[in-house]
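Right after this note come the structures.
First chain A sits with chain B, and in the next complex the same chain sits with chain C.
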Partner chain A sequence: MTMNTTIKSLALVCLLIPTLSNAQERFASRTGHVAFRSETTVETIEANNHKATSVYDPNTGALEFAVLIKAFEFEKALMQEHFNENYMESNTYPKAVFKGKVVGVTAADLKKPGKHDVTVEGELTMHGVSNKVTNKATISVEPTGTLKAESNFVIKAEDYKIDIPSVVRKQIAEEIQVKVRIDYQKM
Partner chain B sequence: MRHKLVPLAIFLLPVTLQAQDDLLSLLGEDTSVILTTASFKATRVINSNSIENTAHGVLDFRISHRFGELSTGVEELYGLDQATIRLGLDYGVTDRLMVGVGRSSFQKTIDGFAKYKILRQCDQGCSMPITLSLAAGSSMTTLTADKVPWYADGRTDYFTHRLSYYFQLIAGRKFSENFTLQIMPGLVHRNLVKTTAEKNDVINIGGAGRYKLTKRLAINAEYFYVLPDQLAQPQTPTDLTYFNSFSLGFDIETGGHVFQLHCTNSAGMFERGYITETTGNWLDGDIRFGFNISRVFTVHDPKAKANKKVKEDTW
Partner chain C sequence: MNKRILIILMTLAVVAGGIYGYREWNRGLEQANEVKAEVTLTAEELFKAYTSDEAGANQKFTDKVVQVSGTVREVNGGNGSPVNVLLETGDPLGAVVCEFAADMTIELKSGAKTTVKGFCTGYNLDVLLQRCAIVE
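Entry: the complex of A and B
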């Protein structure tokens, strides 16, 4: 073997290494469901978004999440308009984004069916404000190998500088309940 | 030496790739279509239609009110003693089509219209730069035969004489979060006019815009230019002179209501009224203070079925 072919075969091996490591798959979804609910004695407001996108890499634990604010659907069209125009200012801040990681489960755990209680921690950015968040979640591995992730948590409007004028304080809760349901497919 | 560097470089390559990795970018561009919303706060700019429609399943109850002219002086409390009113109900049949009916005290008129969005401006997922709507409607006065504007001795009062129609194209664009502009070429057809000097078909072009001052307050303006020699010219000092309609006002939004407060030289609140029968002149102080109140009711939720399953999934 000449020096030249040694280098060539070495290079080939090096090229293959990243391919091999990538073979450990990631999970993704474009149809994640995010719902929120504001509950006061006067009024209950609910909105649903079925277009959340998310990518989860079990090897590193990295989880990312993006929700288009304008894709939240309300029962009342006027509420939807006010939500975008007056509260979330979705022309200026079109997306809510989460970047963080999943703690409490290993890539190996996710190879076999089962349900895992995990903690999700990271940074949630919306309405131009970023906050560190830590929430409980569950990840279920389906027999087909896909993942179902669920999480319920609470967001405070003031933490994201979402101003609620005093005239509507009775209709809009300070603490907004949020529900996330995502069916991840292998990428 | 040169050869040894090659595999090293290749070795480093995947590392750098990994470091740049933004997980969400792996999903590629988001292609969902997001239509532009809230170009105006209401379906009317002031008198005229805006490029906004009542949403699907929403009923909009509108109370429009115009006081008398400022120039009537203190005797009429600068117009506040007089009032004309239009009560209207609009409904969103689909997200593109709305229909409405109204009754005005101005010439005791009943009017009905439909407005359809042919093109819709969008923010994301397509490249449509404007919203284009077609509005069409008719109106009928219920005044007694001797009170209609075209009354003349011996003229038979046919039902069809009382009808008029309008057609209008509305092309508008929300240029920025705060600024929206629209132009409205249109035609008002009057089945009967008083003299041969007046045209049955009145060609006009309108322009309207809004600028949002704060999240809940916007300033609106609209102007209708009637092409010359279509309306009656005064022959005697008692004859009415017709002017182009100009209105300027504010939209104030509070929860479920939109209040529109404005000044206008028109008394009519339907197309034949304000486009072809505006008798006030801004420069003479023939300015009317007025307001529109809009209250919406969601009578049908088109997404209810899709979201029903979601609701059953308990919180």
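Entry: the complex of A and C
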């Protein structure tokens, strides 16, 4: 390639970049908040993770999501140790990942402020097990153009082959309540 | 006489066991300022270790108290969420993210040099250190 054609193709790429990125405007976050709660008559256990990563493309609806299991923090050290070592086996399965799509909102809807009820469907993988999941969520478009997404749902330990020994059944709920809050910025 | 001593010793053992068990059960999460760093390196080296061989880096650094030095890219968070200090890695797509308690005041500006230690919890686009403390 001569110098001249190199410059020409570079100029072409520079011209194309803004239109391409505009057509595929995506949203991302690296500070998503995922909280879960196990509630029994004996004990309530809560954990928080403030570093969920997520990418959302309103044009295709595609949504991806990942959290580090070890990044969940509990009130008590022993709970966190048991969670990682006995239940989630986070050395072997370090991440929980969701891949799927958002249904019920269009890219045009997300260009103006407002709140939308949506459905999120896809595959959730953790502890080496993948399951199809469908959950309700809301997406709010802020006046600044950023998105706030919220979802509350339930995960059953047994669906992910997480074995809760009978000795601690009274302390740990079979159904875990999960809360997700994400502020998306334009990429 | 011997029996009495035995009973006293056994009672003491049970009480000590109970206290130990109770304290162990209620033990809070360790903060990095309470412990010595196990590994020391630069933010760039730590990030490269995870991006070139994640499994190997997990073996070496995850679950350890890691001390990193580097240049501040950005400070964000707060307002009820943890405060994050992002360190430069030589790669614009990822940082070493040092998470501090929500009520911490961090007086670092982007471009500043710093050394931070924290509990390394792995790599998810960024390398994450939690419950951090500023060393210098």
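By our rule, the second predicted complex is superposed on the first by the 164 of 187 C-alpha atoms of A that agree within 3 Å, B and C clash if a C-alpha of one lies under 4 Å from a C-alpha of the other, contacts with A are read in each partner's own complex, and residues count from 1 in each chain.
Basically, a contact is a pair of C-beta atoms (placed from the backbone, for glycine too) under 8 Å apart; a residue touches a chain by one contact, two chains touch by 3 or more.
This structure is a prediction, so every number in the text was calculated from the model and none was measured.
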| item | value |
| --- | --- |
| Fit or clash between chain C and chain B when superposed on chain A | clash |
| Chain B versus chain C as contact partner of A:77, first or second or both or neither | both |
| First (chain B), second (chain C), both or neither touched by A:108 | neither |
| First (chain B), second (chain C), both or neither touched by A:92 | first |
| First, second, both or neither for A:67, with chain B first and chain C second | second |
| Partner touching more residues of chain A, whether chain B or chain C | B |
| Chain B versus chain C as contact partner of A:31, first or second or both or neither | second |
| On chain A, positions contacted by chain B and by chain C | 30, 33, 51, 53, 66, 68, 70-71, 73, 75-78, 91 |
| Touch list for chain B against partner chain A, complex | 3-4, 6-7, 10-11, 13-14, 17-18, 22-24, 26-27, 30, 32, 34, 37-38, 55-58, 92, 123, 177, 215-216, 253-256, 296, 298, 301, 303-304, 307, 310-311, 313, 315 |
| Chain C - residues contacting chain A, complex | 24-30, 58, 62-63, 76-77, 81-82, 84, 97, 99, 121-126, 128, 130-131 |
| Chain B-touching residues of chain A, taken from the complex the two chains share | 3-4, 7, 10-11, 14-15, 17-18, 21, 26, 28, 30, 33, 35, 37, 46, 48, 51, 53-57, 62-66, 68, 70-71, 73, 75-78, 81-82, 84-86, 89, 91-92, 97, 152, 167-168, 171, 177, 179, 181, 187 |
| List of chain A residues in touch with chain C within their complex | 30-31, 33, 50-51, 53, 66-68, 70-71, 73-78, 80, 91, 94-95 |
